[in-house]
Amino acid sequence: MDWQAFWLSIKLSSMTVVILIPLAMFAAKFFAYHDFKAKPWLEALVMVPLVLPPTVVGYYLLVGLGSQSLVGQWLATYLGTSLVFNFSGLVLASVLINIPFALQPIQRAFEAIPMDVRDAALCCGMSPWARLYKIELPMVWPGVLTAIVLCFSHVLGEFGVVLMLGGNIAGETKTLSIAIYDSVQAFDLAAAGSMSLFLLVFAVSVLALTSHLSRRMVAANGQ
Amino acid sequence: MDWQAFWLSIKLSSMTVVILIPLAMFAAKFFAYHDFKAKPWLEALVMVPLVLPPTVVGYYLLVGLGSQSLVGQWLATYLGTSLVFNFSGLVLASVLINIPFALQPIQRAFEAIPMDVRDAALCCGMSPWARLYKIELPMVWPGVLTAIVLCFSHVLGEFGVVLMLGGNIAGETKTLSIAIYDSVQAFDLAAAGSMSLFLLVFAVSVLALTSHLSRRMVAANGQ
Amino acid sequence: MANNPDEFRCQISQQTPIPLQLDFSCQGGEILAIVGPSGGGKTSLLRMLAGLSQPQEGEISLGEEVWFDSEKHLCLSPQQRHIGYVPQHFGLFPRLTALENVLAGLDHLPKSQRREHGLTWLQRVGLGDYGHRLPRQLSGGQKQRVALARALSREPKVLLLDEPFSALDVQTRDGLYQHLIQLIDELAIPIILVTHDIQEAFLLADKMLLLHQGKMLQSGAPAEIWAKPVNELVARQMGHKNILPVECIGLTQSDAEFSLAGQTLRLPSATGIELGTQFGCIFNQASLRLMPLEVNQLGDTAEHWLWVRVIQVRVIAGAVRVELMLEQSECMLELILEPGLNLEFGLPGSRLLNIQPNQRRQLAVDPWRLILIPS
Amino acid sequence: MANNPDEFRCQISQQTPIPLQLDFSCQGGEILAIVGPSGGGKTSLLRMLAGLSQPQEGEISLGEEVWFDSEKHLCLSPQQRHIGYVPQHFGLFPRLTALENVLAGLDHLPKSQRREHGLTWLQRVGLGDYGHRLPRQLSGGQKQRVALARALSREPKVLLLDEPFSALDVQTRDGLYQHLIQLIDELAIPIILVTHDIQEAFLLADKMLLLHQGKMLQSGAPAEIWAKPVNELVARQMGHKNILPVECIGLTQSDAEFSLAGQTLRLPSATGIELGTQFGCIFNQASLRLMPLEVNQLGDTAEHWLWVRVIQVRVIAGAVRVELMLEQSECMLELILEPGLNLEFGLPGSRLLNIQPNQRRQLAVDPWRLILIPS
Amino acid sequence: NDKGPLIAAAANVKLVLDKIIADYHNDTGANVRVSYGSSGNFVAQIQQGAPYELILSADEFYVNKLAALGLIQGQGRIYAIGRLALVAPHHSPMSLDADLHGLKQLLATGGLTHFAIANPKHAPYGERAVEVLTASGNWPQIKHKLILGENVSQALQFALSGSTQGGIVALSLAQHAEFKEHGRYIALPETWHQPLKQRMALIKHASIQAKDFYEYLLLPSTQQTFTEFGFAAAVTGDN
């Protein structure tokens, strides 16, 4: 069992979820409550990371963010940093490619808040933050949970983008899913099998626990 | 532009959606309205295809469905068919790995149907089919649309499982996403770029159109 | 069980989730009104009758057809019961138009007739022009009427109405009463009507049932319950206002003397009245008459009259509402003065009667009209 | 604009999405009741006052504070208006408990006071023990009371109530009236109350506004509108029942003769009555008196009486409701017989009066009490 | 930096390189870190500033490409010559011989439904496999039966999956212990195809340690290890 890779995967999944979900909530709320000509196009554009093979997405990200690119040069010159072949690059990539999984379910959840509840919330004199936190978040929670579960799982399993942008560097960019892939490639089926099994058991337990806790949480105050 | 691969991708995406979504609706409805001990576990298990690297999932599918496997032998003996290295195998694999994308959003949509509407539907004396078609489907439609969009896009972009189970046979299992991957690997960046662009423009247009039409459809009778 | 062919019988009891204990029946062609304080269990009961939830124990049947029997573990589904149900919050299908909502209940009709039948009912509830509207494009009362049309149009075997007119104005309401009465003439089905409007219950219901915390407090003809409420809660629910505590302080063969906040009242004696017993006494409108300003008109011996002080005067629809306080107490009385009833026959309006706050007045009491209830 | 410090003024007009044309004001400490048929635009109006939607044109202001001005493109948000709003369908926050729902409106209070204040109000609406319940665990009336507590507890600058008592029984309702009146005494804010219950409007409202298809049909003190409705629609909304078409067929200096379904009535003449004009005539309860069975008591010259036939008799709360039909016509009259009012003073109950369906009776009319409205 | 320099290596040398790195550590006490992947990906990554100091490519093409871009020191060196093997899973009716007669026979009888090679479009081993099939005269019959792996390793997975009757893969992989449980193999003569010259190169900024390992790979003892793992020794004089 490659513990280093395992912890890296967990770190990557968690950071992606922690960064992406709040951003997705704002975007989802905006999309849900505003209507404009370009909206269907924007919504479709958000799906782009899903439509191309992950390795290809990774390739374009690599070219777009690498040291030869404008972004890469700007980053190197002014921040002395880089987004390729290191962990922060992976986080960025994971956030980008998981946008569709985060946005869509949350947007649907916002759209489903009944008009009269929205009206009442507006008339209650709460600050927008309080409203979001006290009223809207509990109501869109099932959608947010779906988003979290999808993103978390998908980051765990994702290896195309990660491999391309990260370069399989142990301790830095070699996630468990790359380790499993490597083992399969190297015919170390025993290692691949045990790592897969471990990852599965872990992920299923975490997800089941999450869904159970969230159900209890929601049941404790209702549904 | 590899038209054969393009049409194959479209065919695969469409068939996956057509087969998966109705099944997902029944499962989602069941999950939404029934509560039992094992439910969190089942819900988590459904996420499994997301958690492992697609190539690895493909490898296990290949071994599990191949002609040496029990399933493969049964299929060969009794149906004279096989699920590896051909299109039907791809469809099966696509359906399996997209279950999380289909199930979760639709389940949330079912859960969001208010109690009083469900009560009223039960008291209207409609057959369960009529109820599903006339009452529930229009209400869960946003969730179903999300499921369709996610599945459709994901099948287009998926290549790990497809490559592993399908074996990259032109006209049979070589989808556009594999073709793009191949081009990138072969440093045929021009071909990769043009195919990617085409796929993107196509996918974005289809998705935007879908979302636009569905919005109009729903607007015509409401929301 | 040799039931009436279309007698609807319900005998249920349960402790959880909320306690319920009921036993009643309703004949075909009869309207049974269920009234009671908010949270009494009316909606919970209706959902059980509809088959949307199951009581712990008991039996529900329509004629020979058993709908629910806890002993035989039998429970028909809502579909099998073929009921018409107007839920308290309407339960309209949000993605269907008003007309489609009505049509949704008409699957038992041949396809060719459905549309016309649905349109007829939309017209009856005054929404002929709103068939294409979605629920969210309708006002509260319009929604309620769609729900009503959906339930009434499907020629149900039993009709369950949960405050079906609560969002409607008088005029619209009156029109719908007529349609309901017409429907009952045509179909002769049992109708269970939950309502908070006592006038409505009086107007429509043959029987009435008072539900409080899951228990039947009283049942019978509305007029009977009104005239003989078993306790103060029932009385208040029936709209009685002036319920004051009295105590029997003297008893002869024909009369009983009661003390009421220091004043004394002589009422006709009746069985069950014993010296020292406390009662609630309902001073309903018909029993009171405010005397003109010239005091002492009734003489000084307080037998059938009380001293009161005027607190507030308010003109209401065609009448005057006066709030009075019994002298030397906190007891309030409300009096609706309609010309000729509690006043001497004359022109209405407080001005003409010269009723002013803070006046001291005499209030004549007709002892035969008072209602005594156990307190 | 030199407004009263807390006068709430609203002057708006629009054509789409629904036509609305209104101009009214409401002083601090006043209750303005808005009534009108279902779908008249009451909820739409309230949403505009709350800032949830914008009218096309007009101005809304509270004292010196302009809330909306179409010319200056000014529109305060609902938060800025600091209102209390009870939506028609309650709009409770489904994931918050009853208490949290109330607390949600108390962000302007110091944190330490919120909980206590919220609990006080929950108790006032009779839900002290239900604070921990979620909306879906409450009955219809309990939900409505939570919404009410949420709006009233936040000490708003204006209170907007959309049928806030529609799901409540008489008793609970009466208790809440008291709290509302108490609140207005404490805060002296303008209160806009949409209601379908005319009694409620009479009891609570200082002013009343009749809204029909977005237009103000009439406004004024409730008693005034009741006594002088400008047309039949207003009359019906005010609860008048017996509105029959009459035509002036003779005119002297003091009297006017009217034909009513073949019979003739002599009424006091008034300005505006011309030969041949048609009116609606309201025969309200106080104007009618059913005569005993011995016919021809009033003589044969029909001046102040009509021949009628009894159609239906029904005992209602403390009185008898009789449906009569004018002879030789389809005109129906409804009569609530309370002892001593429309009958000679005596004991109530149709049995004692011997009123039976199909009897031919004389109905005395008090000409001074009739109300004529343009038809 | 005791973790050692980062090396990019083609996936098909994973087995042998793991052994060599262990030996290297034993011999010198020094460490290297290695990242296995596809040579094509490495080129793209090195172009974007990947922190590799040494690349072991699966063939010459990619190193030459890097040289043309001026990203490596000199032209690099050939470190090993790849060899091909014909493999068949245990149940396969195909008989193995270096002349591919068994394959031809199976094709003739229609007993061959699927045959796995690496994708000739971008995998060198796949390219050479096609050469072998062409030279042996089997190409027209077999070209529609081909299952293409993303790389030679995946081709072997296909071959082992039981759903093919065989395949042509790298000898180095076919020799692997794991493989023996599932199938048989036979080495194919090097004369059937262009030599699979696997070239390595030091990246421009490569450190002393990387250079040291680079040299270590060319030691005769190391080259001996390569041959044990199914490669032909590369260091015979010509660069």
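Each chain gets a letter, A, B, C, D and E, in the order it is written, and its residues are counted from 1.
Here is the rule we go by: a contact is a pair of C-beta atoms (placed from the backbone, for glycine too) under 8 Å apart; a residue touches a chain by one contact, two chains touch by 3 or more.
As the structure is a prediction and not an experimental result, all values here were calculated from the model.
Shared contact partners of subunit A and subunit C are B, D. Looking at which of B-E and A-D shares more C-beta pairs in contact, the answer is the pair A-D.
Subunit B and subunit C have centres, each the mean of its CA atoms, that are 56 Å apart. Chain geometry summary: the mean Cα position of subunit A and that of subunit B are 20 Å apart.
Chain geometry summary: the mean Cα position of subunit A and that of subunit E are 36 Å apart. The multi-chain contact residues of subunit E, meaning those touching 2 or more other chains, are 41, 154, 157.
Shared interface positions of subunit A, i.e. residues touching 2 or more other chains, are given as 55, 59, 184.
The set of subunit D residues touching two or more other chains comprises 88-89, 136. Pairs of chains meeting the touch criterion: A-B, A-D, A-E, B-C, B-E, C-D. Residues of subunit A touching subunit B in their complex: 39-41, 43-45, 47-57, 59-60, 100-101, 104-105, 108-109, 111-112, 142-143, 146, 149-150, 153-154, 156-160, 177-178, 180-181, 184, 192, 196, 199-200, 203-209, 211-212, 215.
Residues 55, 59, 62-63, 65-69, 72, 82, 84-85, 163-164, 167-170, 174, 182, 184-189 of subunit A are the ones touching subunit E in the complex. Contacts from subunit C toward subunit B in the complex involve residues 47, 50-52, 77-79, 82-85, 87-97, 100, 104-105, 107-108, 134, 136-137, 147, 150, 154. On the side of subunit D, the complex with subunit C involves touching residues 35-40, 42-43, 88-89, 126, 138-142, 144-145, 162-163, 166-172, 196, 198-199, 202-203, 222-223, 226-227, 233, 236-239, 241, 284-286, 314-319, 321, 338-341, 347-348, 368. Residues 114, 116-117, 119-127, 130, 134-135, 138-139, 141, 218, 221-223 of subunit B are the ones touching subunit C in the complex.
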